[in-house]
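Would you mind keeping the following structure in view while I ask a few things?
The first chain written gets the first letter, and so on, giving A, B and C; residue counts start at 1 in each chain.
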Amino acid sequence: MTAAIVCRDLRKTFVVRQRVGRVRRRRVEVRAVDGVSFEVRPGEMVGYLGPNGAGKSTTIKMLTGILTPSGGEVRTVGLEPVRQRTTLARRIGVVFGQRTQLWWDLPLGDSFELLHHVYRTEPARHRRNLDELVERLDMGEFLATPVRQLSLGQRMRGELAASLLHDPEVVVLDEPTIGLDVVSKLAVREFLVGHNREHGTTVLLTTHDLDDVERLCPRMMIIDHGRVIYDGGVAAFKSEHGVERTVVVDLVDPGPPLEVPGARVTKVEGPRQWLVFDRRETSAAEVVRAVTSTVAIRDLSIEEPEIEALVRRVYLDQRDDV
Amino acid sequence: MADASVGLGGVLHAYARLVGARIRSDWQYRTSFVLHTLSQAVVTALDLAVVLVIFDRVTALGGWSVGEVLVLYGFATASFGLADMFVSQVETVPEHILAGTFDRFLLRPLPIVLQLSAAEFALRRIGRVVPGVATLAVGLTAADVSWHLGSVLLAVVTLASGIAVFGSVFVLTCTVSFWIVGSREVANAFTYGGSFAQQYPLHIFHEWVRGIIGWLLPMAFAGYVGTIHLVGAANPLDLPRWLAFAAPLPVGVFALLASRAWARSVRNYQSTGS
Amino acid sequence: MRLYWEVARRSFRRWSTYRAATLAGLFTNAVFGYLRAYILLAVVAAAGGTAGGWDATQLVTFAFLTQGLMNVSLAFGDPELAQRIRTGDVVVDLYRPVDLQMWWLAASLGRAAFSTLARGVTPVLIGALAFDLSVTTSPAMLIVGLASLVLAAVVGFAFRFLVNLTPFWILDHRGVDQLATLTLSFFSGLMLPVVLFPGWLEGLARLLPFIAMIQAPAEVFMGVRDLGGAVGLLVHQVVWVGLLLGAGRLVLARAQRKVVIQGG
């Protein structure tokens, strides 16, 4: 079966002019993507993680035909993205988290109708897809609202629908849950899993949010400084590299460092304590339960693991392996 | 996989819908739209007023009568106005790139120029087209043209060539201004200066001026060449009759040049991301 | 007083840094200067050597002078004030203990000074490359001309100031702005010298403030007026300075009251 997405030694180098002193400029080469190779099979859901500036967006742009690679090759649904731009555009869907593809001043429903004409889908199929998407994403009540008046959560649902209306084989989502509230995030995740299961659409999801990946993608790739440093199962990653998380508790009264099974205290500031635990060994819920059963707390919060910490972890572990 | 209603028809249908969407968006700001359209019409009317004031004082300009100049003015203004309505949107590319909205056009299965034209469509520009067409109609009626297949064809070819050449000038000057930073205003001087000059008989200008904005940028075909043979105006440059009918050739070559330049610009964006 | 001098000086310096834009603007001036010159030559040829009392040389000189003078009066404006009003930033300005109109006049004059130096004379020099031009050499006339330049800049500012105040009442003032620019273009002599207008239209144009911005100083520098006539032009300019600045202050006061009542 031909791959949905395949890249071999993909490279993208930007030339930036930097000011040196008063007048002269120096050419600096920035290797945004430095030899990335991977294959995504049809129907897979893959997460693409990395810190800011790691090369995520640049890879996406090369996959979708926005940028030409400086080296290596890429094929999406078997097509050359830049050369066969219009043919490819019909077969993929793209959502950029921060930039809209909808018509700002018009009702959401109008955007869907316009996209029907842009993609020139057969009317019956368009109708069927639209009905299904409106129901699944619960958009019925704001179809008539102008896009500029929608909340971020509503707009994101609209963007997702817009990217799927024309039955693309591959859908690329660039930070789709950024800035969304918890409820909307859950709705989006649930929808994506369901859609992938029923339609077999390949999903490539770039994100900062490890939770997104955990819930959605059986497989993830981590990119850092233009190179893929990890490509494998999420579960395997957790068991190999472990993931640490932090629970921050505010005690009613300051006290000595708490003793909680599976967690260790890394910092104490007055009544506030930072407890770090390994997700393999215990869960946030258990840690919180253990804490509240021994002492009275005023407030608590759970810190998300930063992608940078993950990346560091991978490097550390790789170094250990060597 | 999505199937499609095939080819050019589907693309034009999509274009029509997209333009409609833009007009509907703009219509929400109705008063602004009306005012703008009116001011476009006033601009055109003022240029016309200048011509009329001149003819209040003299009976011929460069050997052309007022009727002949009006026909010329009509061709030049109507075709420029139409090109302005449908093609000048390419000048918004730098803004889109800056705002990050240009990528969206690359992700859709339609030609980019088409998408730009629809996305930035400004119906108010019709304020220039209507007076232009009206002047043309009045001028042609007053000029007592004998209408037969040849003359109708000539009129159509002249108008179409005008739209094509002005459109190409828009695209060419825009793409050049992408490559050479800060050249936008200089490019505009050619576009707007050139189109302004076409309102007057080309032979009143100096040889070099004629050469650049009449033949090199073949805007002479937007009205001058056709008008001479359509209404029998004075022809001091001795341009042969067949030249008016052959207009599509130089204009076509020029348009091809412009579209190549455009394609190069897009490829350049895809290679550098800016 | 010292404050306004500073404002003008800083404005001068700021505009002098836009070198590329200045050059580009000069190019446009040159192009249109040449085009209008040829059109006027065709007119005068058809009219048998003189039109409106001016001969070919004078008309061509006029074409280039107007391209230079439009950069002196800056009547084509600087939408900065209008922008500030639209975004609401102007409220800050209104609370400052300075005379807003004088402040903006100072800034405008600073800019006009630079513009005059860079783009006031240059179009004429460019025109002189291809044509014979005729300008006055009489020292008295040149002095009157200089005064006329300053007044043109002030009239230009005063008019623009009024137009720029319209956003206080009209939301999208671009329409008003464009209409103002068009009226200005036509009646200032920029599109066609006012002497070529039919009698009644020329009469109207001579009364309006717009010729004070361009045609009046042009006529002085061309030497087509005797001293009395030239001073008469100055008087016309002064009258309009008074009327427009006065109107500007009234409208500004109204606007300030509106802001206070509406709370910005």
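By definition in this document, a residue touches a chain if its C-beta (ideal position, glycine included) is under 8 Å from a C-beta of that chain, and two chains touch if they have at least 3 such contacts.
Please read these numbers as outputs of a predicted model, since none were measured by experiment.
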Subject >> Identifier of the chain whose CA centre is least distant from the whole-structure CA centre >> reply: B
**OP:** Among all other chains, pick the one whose mean CA position is farthest from the mean CA position of chain C.
**Re:** A
Original post:
So, what's the distance in Å between the C-alpha centres of chain B and chain A?
Top reply: 46
Original post:
How many Å are there between the centre of chain B and the centre of chain C, using C-alpha atoms for each centre?
Top reply: 31
Subject >> Where chain A and chain C are represented by their mean Cα positions, the distance between them in whole Å >> reply: 57
Subject >> In the complex, chain A residues that touch chain B >> reply: 14-15, 61, 64-68, 82, 85-87, 89-91, 94, 96, 98-99, 101, 103-106, 110, 113-114, 117-122, 125, 166-169
**OP:** Give every residue of chain C touching chain B within the complex, in rising order.
**Re:** 20-21, 24-25, 27-28, 31-32, 34-35, 38-39, 41-43, 46-47, 51-52, 130, 172, 174-176, 178-179, 182, 185-186, 191-192, 196-198, 201
Subject >> chain C partner contacts - residues on chain B that touch it in the complex >> reply: 29, 31-32, 35-36, 38-39, 42-43, 46-47, 49-50, 53-54, 56-62, 182-186, 188-190, 193, 196-197, 200-201, 204-206, 209
**OP:** Show which residues of chain B lie in contact with chain A when the two form their complex.
**Re:** 1-5, 10, 13-14, 17-18, 21, 24-25, 28, 100-101, 103-104, 106-111, 267, 270-273
